[in-house]
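Both complexes shown next keep chain A, but they swap its partner, so chain B is in the first and chain C is in the second.
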Partner chain A sequence: MSASPTLAPAAGVISLSGITKAFPGVIANDDISLDILNGQVHCLLGENGAGKSTLISILAGMQFPDSGSIAIDGVPVTIGSPKAAMKFGIGVVHQHSTLVPSLTVLENLMLGEGGLMLKEKRAASRLEELSGLLGASIDPNILASDLALGQQQQVEIAKAMWTGSRLLILDEPTSMLTPSAIESLGESMSRLKAEGLGIVFITHKLREAYTMGDCVTVLRGGRKVGELTPERMKSLTEAEAQAEILRAMFGDDLAAAGSIESAAELAGATEAAPEASRVDVTGRPVRLQVAGVTSVGKSMDVSVTDISFSIHEGEIFGIAGIDGHGQAGLAEVLSGQRAIASGTISLEGADITRLGVRSRQEKGVRYVTDDRLHEGTVGNLSVAINLLLKRIGMAPFWRFGQINKTAVNDEAKRLITQYTIRTPSPSTRVGTLSGGNIQKVLLARELGHGARVVVVNKPTYGLDLKSVRLVHDLLRAFAADGGCVVLISTELDELIELSDRIGVISRGSIVGTVQNDGGPDVAERVGHYMIGGRAHDND
Partner chain B sequence: MTDLLTPTFIAAFIIACLAGTVPLMLASIGETVGEQSGVLNLGIEGMMLMGAYFGYVVALTTHSTWLGMLGGLLAGAITSLVLLVLNVWLGLNQIVLGIAITAAGGGITTVLYDQIYSKTSPRIPTDNWKVPGLSDIPVVGHSLFSQPAMFWVSLLLAVIIAWFLVRTNWGLSIRAAGQKPSSLDAAGGSVMRTRSQAVLLGGMLSGLGGAYLSVLATNAFTPFMTNGLGYIAIVVTMLSRGKILRVVIVSLLYGLTIAVGTVLQLTSLDVPTDLITMLPYIVVMIVLLIFGRDVNNSPVLGAPYTRGAR
Partner chain C sequence: MTTTDTSTESPDGITTEITPLEDEAELVTSRSSSGRRAIDIVVRSIVPIVLALIVAALILLALGKNPLQFYGAIIENGLVGQNWENSLVMMTPLLLVAIGLIVVFRGQLWNLGYDGQFLLGGVVVAGLAPQLIAATSPGIAYLVLTLAAIAVAAAWTIIPAWLKAFFGTNEIITTIVMSTIGVGLTNILIEYVFQNPAVRTPQSRAIDPGDMLPYIPGTQVPIGLIVALLVAVIFQFVLSRTSFGLRLDVFGSSAKAARHVGINSRTMTIVLFLISGGLIGLAASMDIFGQWGYMRTNWNPSYGNAIMPFVFLARLSPVGAIPFIAFYSVFATGGTIAAQESGVSVDFLQIVVALILVFMTVTEYVGTKRDLGQSYLPDELKDAMRKPLNALTGRMRK
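Let's turn to the complex of A and B:
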């Protein structure tokens, strides 16, 4: 590689040594050392709040470590700003979107470039080239806010590939992507790796880590607690590797939870199958009835047209489909956030079509958005207030317009324990939590206190395996108690595991419904409708 | 009533209208650039007064209106340094700083004027540029085409800045800094540098607007002569949502009401003067009520940016 052989040992390596970073109340990174080699995909794993994003934001120049050092090819460097990181050839996809919503895709791609004039032609042709690689076609002149989250993620990946000439860092890039887009991303990663780039890849899906990664580093509570070298990775089977990773990730907790079988189950290594003990709900009364609902057009994403379905008491109704095909529209129509042009929605026989968000909430309709940062939480308020956001003004938390701090804190603490939210304290600002923990705050808030129908949009994205398990259990328990769930998800495994029936949404309409009877062909049948929906797109 | 439509009268109307429009337009463009980058400049009134006073002083002493304009521009720029250093760099509260700058600008210029010029109140001779060929046309020739040359330069500035905001990397950075500074930062741009430039440019344009008012539009300086124009500029900016063309149009509307007020005072119609002085403000408020609802300005306006904070 290098002209001088004496340089060889250090060439092609970015070494972090003794990286420590503390925030008020937490040590996010505690004496972490690792080497990132060119030509390898380095997986960074760990539960929510383990410190993964903090570590990569140090590499990206967004955070500065309290102590520790970074060396590139053996030369100590300071990465003082994102710009400096880019100069070193480090391209980053951050966990949360860094696109400017009010700018177009093209403008977002050109942001930060030098020179006087905007080079639109060049940006457009590069976008075209990259979207070919990513298997996505994105209108360059559309506003970023009008893209579905999955498409936003693809634009960010394109942008990072553009700047990352030596190291590409991907913080949960697959959380919003469809299986085929993940496959294309995997192919692009292999090609970049072959070209000699280093890649840091963060994911919560162990299968992805095993198939796409060459080596693994596991973080836990800010410390590096395990690693698998490339040699060791090669020598292990998938199940063995997963077991080893899980043991490092969750340590004693896992031992307490049970054996390695449950670990494999956690990792989703076993085939997805519906619960054996599924009860027949068709004989039960209908709780939510949606008849011929068409939404008023809104530029956000595809709006919904003529959607009808009914959900029985205790039923989980899955909605499958490619992200951006009207899922958000459907969820908003149900929650009352989006006006409808025609059709009716009734809850337990009572017409709720004309009711607003607040009144529907009082009747027990809840909505967990997939936009956890903007729509879902108020970043500057405490975890406790965010947990009780929908109960502001209600007894016993508020009395005569006065907040009852003890009651609020007690309830917050209860939810924090129940949902294992990792936060320094109930009074910590919610915006400072890790991505997965913000998601848990949202779920904890919506699933409790008198919910009768919950609409959840991608409820487990960005959650670690244990939390995914927890959320699945919560949703199942909610249904078992007679609650209704509309489960919108892009993950087929999740839908098959939880749903009684699965409706497939495409271009804002439900194009087919599959009874999840535990048969082996359920996935295939759902897939058939999804492809049918797409074939429909082309004509 | 017919005497209202004489050529001399219409010419006077056009002159009054443009004299009211240009200072507001310049200041509003400056405010727009600042607000697009996420900085709310409430000190614009003070910056205009500084520009008006020092523009006047320089024009008087050098006998050049051009140097007067330059003086006003520099005075505005220097005043904006206060905002730049204390807010953009050190993160002090923009509202407090803005009010302080406005108070200080008014105070300083009044004290200096009273000390030096209040006895004599010297005036600056008009310095109009007749557009060759066009200035012979009746009515508009004596008004629109006999404006100070700076009038045309101001229009040119509006076009250039509009173009920069939309077509250049610099303009894109400004807009991103106001919409989502963390994105600009992550993309390798500098929020600090971008906002500093925007504040400085905003100060220059406000100073220029002030100098236009004193040196070219009224030919003299009087204490507190902006009389709330800076605040109107803030409203115009909010209304225009970053579109320079809208800034120009709303400013023109304001200029028109000023001219109408002047005309009403000259006629035999018995309109209370209080009503006339209120007219521009009423019009701006009505426009605000009609169009102000869908404002889509910088969501982080007024908030200092700290990297990595969340």
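Let's turn to the complex of A and C:
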């Protein structure tokens, strides 16, 4: 390679010019040109399906553009494979985990390292150093499949920082991290930036883009629709920058939606606060009762110990905590996917402890998993089938065991419109949709048709601002109609905005519950439990 | 496609203004993508066979044989005159075994114990048919012994299926072990239980030629072929249009998704193995009743090995497998005679099957790379070619 990472950082620029990539039924990237400078954090923004990940995968050597070229320091290059990208010093954190589930964390980190000998010691010390930076402690000898998605994300970041010697690409790296982990990621990014690395940073949170980014490129419908240079970024206040970005991201849609005020609201710039008009639900009948439930499971993410709570009709019960502390276990126990060792679960007074997934599903217990790619959808099946995955065999979609394609397609089209899922057609393979749109498929599948209790695990991760808003409205409306929601989230703002009560989960147990009474100290009280307090207001 | 970059470039190549777009990007472009994909699948399925035949021809040339003559002899002996009937007789068990494998393979379960299952099913038929026909009638014997063969072959999958379902034991190993035991057990049964007292060689009593499966009217092909074709059509329907087929696809695609949807993976594993074994037992019954009429020790047609590449070339579709199995039947029927005539070992046919497997893997690899828009050449090779090129262009630029 004539381009070597030892060149002076001043010369460091990766230029994409005229990148175009079409898939059946959609142009994912349409003549995109941009320069990524060393020593800068370049934010890539855009709504779900705008083409961000596609552009990244071209840089990462996973896809090849139909036309256009890439030059590193002025030398045209072809990045024909992920290995080639690695050789150019490009490290990538993909939107969805690419860790090998059957290997340990350490082995995953060593994958792709050249040389016959696996340099175990080096990998271990590297992981330690990186996890220190990210503020997370991850056992290097645990299987990747036993990690929660948030932890997987941290391992991916560690891995990418390792290979990324000149360019680090982060595709929604913060979607599952806690605020403190995001903060330490930000610190690592500025340190790497100072060392002369270029960083491409994709996020849906404008606040992060403003605080961590030096410049911004906005994509819409596959095209580059706007740019904020570093100088311009500096000259704008946060609110002004957000307004500009939002206008580019959503264009006329936003104008139709309302004023810039609502844009600021969209961006999450306003203080998170519970709905003023929240009704008191404590007098209502209990819908879901969980008593002393302990699960069977070997990793921490899927183990829960002696969990008890009850949820009333129309209540949103938030679960806060660091990802990997039993959230998945709690969700699986409620949905019937995981066996329990002791305890009981009852729905509207009837014991459902012994019921399996399908019987609970029919009784109205729904579960939106956070592992949308491997668990929540079957990538090589169509969007339509995935929308009906939990209703296989049921009328009117199946009659006498035989599929009724018209009914399936009609239902799929209805859900696609209602949830604004961006797909070329109902028969498109779901795995080709953008991350945010896959998430919408899950929500559309679980929230409708007779749901009584929905367990949602990080329901808005990876969604663009408009879709987050849509989901929040949906959950609120669902609760207003008397539905119960168990809202598991790593985002405190989201929990405070939606929940009636917030339980804090830590090491598989609920260590405290906070009434979300709109008081100014709710976040503080939740945070207190998260770091291990077990004081007052248990209720 | 309209290129709309209305932004003004500043000297440093960075635009200075956010420039919102007026018109929404066109989301859907019309394209006959499904048609193209269908052609692609056909090409990918046939190319490996063509390549294998070409390489096999080269090998024949190297052996000093005339490949055209050899292939001519295959067609001659596999198709021409009444020979196509022999090919169809051979096709019957092959197709049934293929469907038996397709069903489990779709669930990402690997039943490689087909030999043992087939032989045990077969020995039940060959061993009991003569007496049962004598005691009752051929019709009753067909029915009862076919069911028995299905049951026995299916039962032979239960241990691997149970170990897989409950303990996650690798079914490749357990089915192969069970198969070896099954083959041995068949030999013991023939020698010590079903031995024909009239002959010295270890073999079972033969079914009276008049009591074999009737022919399809106007041909010399037993009606087992119709059974096989019917089974292919039925399973095609079940796999592609019913809720069971969809559950199977979900199960095969992702164990996690299956659990999420509420598919009981234990039941599914056991059901799939039973169906697979059952179909292989059916194949054995149709083969013994239709073609052989008796069994001797150490006889093992290994139909499963022969058709293995073709179930994948047919993309695990039962009806899609029909032309491939038909092709192989002609090839094997004609090839056995052609090999004898030209003095090539009959094992040469196995080499061709292996070549098809190899080229299938290569075609898949290239196809996947092309789907991703990546190049087909390994990076190392490309680097080797690019380096001098880059040096050249670099010098030119200076």
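Keep in mind that, in the parts below, the second predicted complex is superposed on the first by the 520 of 539 C-alpha atoms of A that agree within 3 Å, B and C clash if a C-alpha of one lies under 4 Å from a C-alpha of the other, contacts with A are read in each partner's own complex, and residues count from 1 in each chain.
As a working rule, contacts are C-beta pairs under 8 Å (C-beta built on N, C-alpha and C of every residue); 3 or more make two chains touch, one makes a residue touch a chain.
Remember, it's a predicted structure, so these values are computed and weren't measured experimentally.
Should the pairing of chain B and chain C on chain A count as a clash or a fit in the superposition?
Overlaying the two structures gives a clash between chain B and chain C.
What is the contact status of A:392 with respect to chain B (first) and chain C (second): first, second, both, or neither?
Only chain C; A:392 stays clear of chain B.
Could you tell me if A:63 is touching chain B, chain C, both of them or neither one (first, second, both, neither)?
A:63 contacts both chain B and chain C.
If you count the residues of chain A that each partner touches, which comes out higher, chain B or chain C?
Here the partner covering more residues of chain A is C.
Which of the two partners, first being chain B and second being chain C, lies in contact with A:439: first, second, both, or neither?
A:439 sits against neither chain B nor chain C.
Does the superposition put A:110 against chain B (first), chain C (second), both, or neither?
A:110 sits against chain B, while chain C stays out of touch.
Would you sort A:102 into first (chain B), second (chain C), both or neither based on which partner it touches?
first
Touching A:80 in the superposition: chain B (first), chain C (second), both, neither?
The second partner, chain C, only.
For A:33 in the superposed arrangement: first (chain B), second (chain C), both or neither?
The second partner, chain C, only.
On the A-aligned overlay, A:369 touches which partner chain: chain B = first, chain C = second, or both, or neither?
second
Is A:379 contacted by the first partner chain B, the second partner chain C, both or neither?
In the superposed model, A:379 contacts both chain B and chain C.
Of the stretches 133-141, 205-213 or 277-285, which one in chain B hits chain C?
Among 133-141, 205-213 or 277-285, the clash with chain C belongs to 277-285.
Do chain B and chain C land on any of the same chain A residues, and which?
62-64, 81, 83, 379
Would you tell me which residues of chain C are touching chain A in their complex?
It comes out as residues 1, 3-5, 7, 10, 13-22, 24-29, 31, 33, 241-244, 246-247, 249-250, 253-254, 256-257, 259-262, 264, 372-375, 377, 379, 382-383, 386, 390-391, 394.
Could you pull out which chain B residues touch chain A in their complex?
Residues of chain B touching chain A: 167-170, 172-173, 175-176, 179-180, 182-190, 296, 307-308, 310.
Quick one: in the complex, what on chain A touches chain B?
57, 60, 62-64, 81-83, 86, 92, 94, 98-103, 107-108, 110-118, 159, 163, 379, 431-432
Okay, in this complex, where on chain A does chain C touch?
1-2, 15, 20-22, 24-27, 30-31, 33, 35, 61-66, 75, 78, 80-81, 83-84, 215, 218, 220-229, 232, 244-245, 247-248, 251, 336-337, 356-358, 361, 367, 369, 371, 374-381, 385, 389-390, 392-393, 398, 401-403, 422, 424
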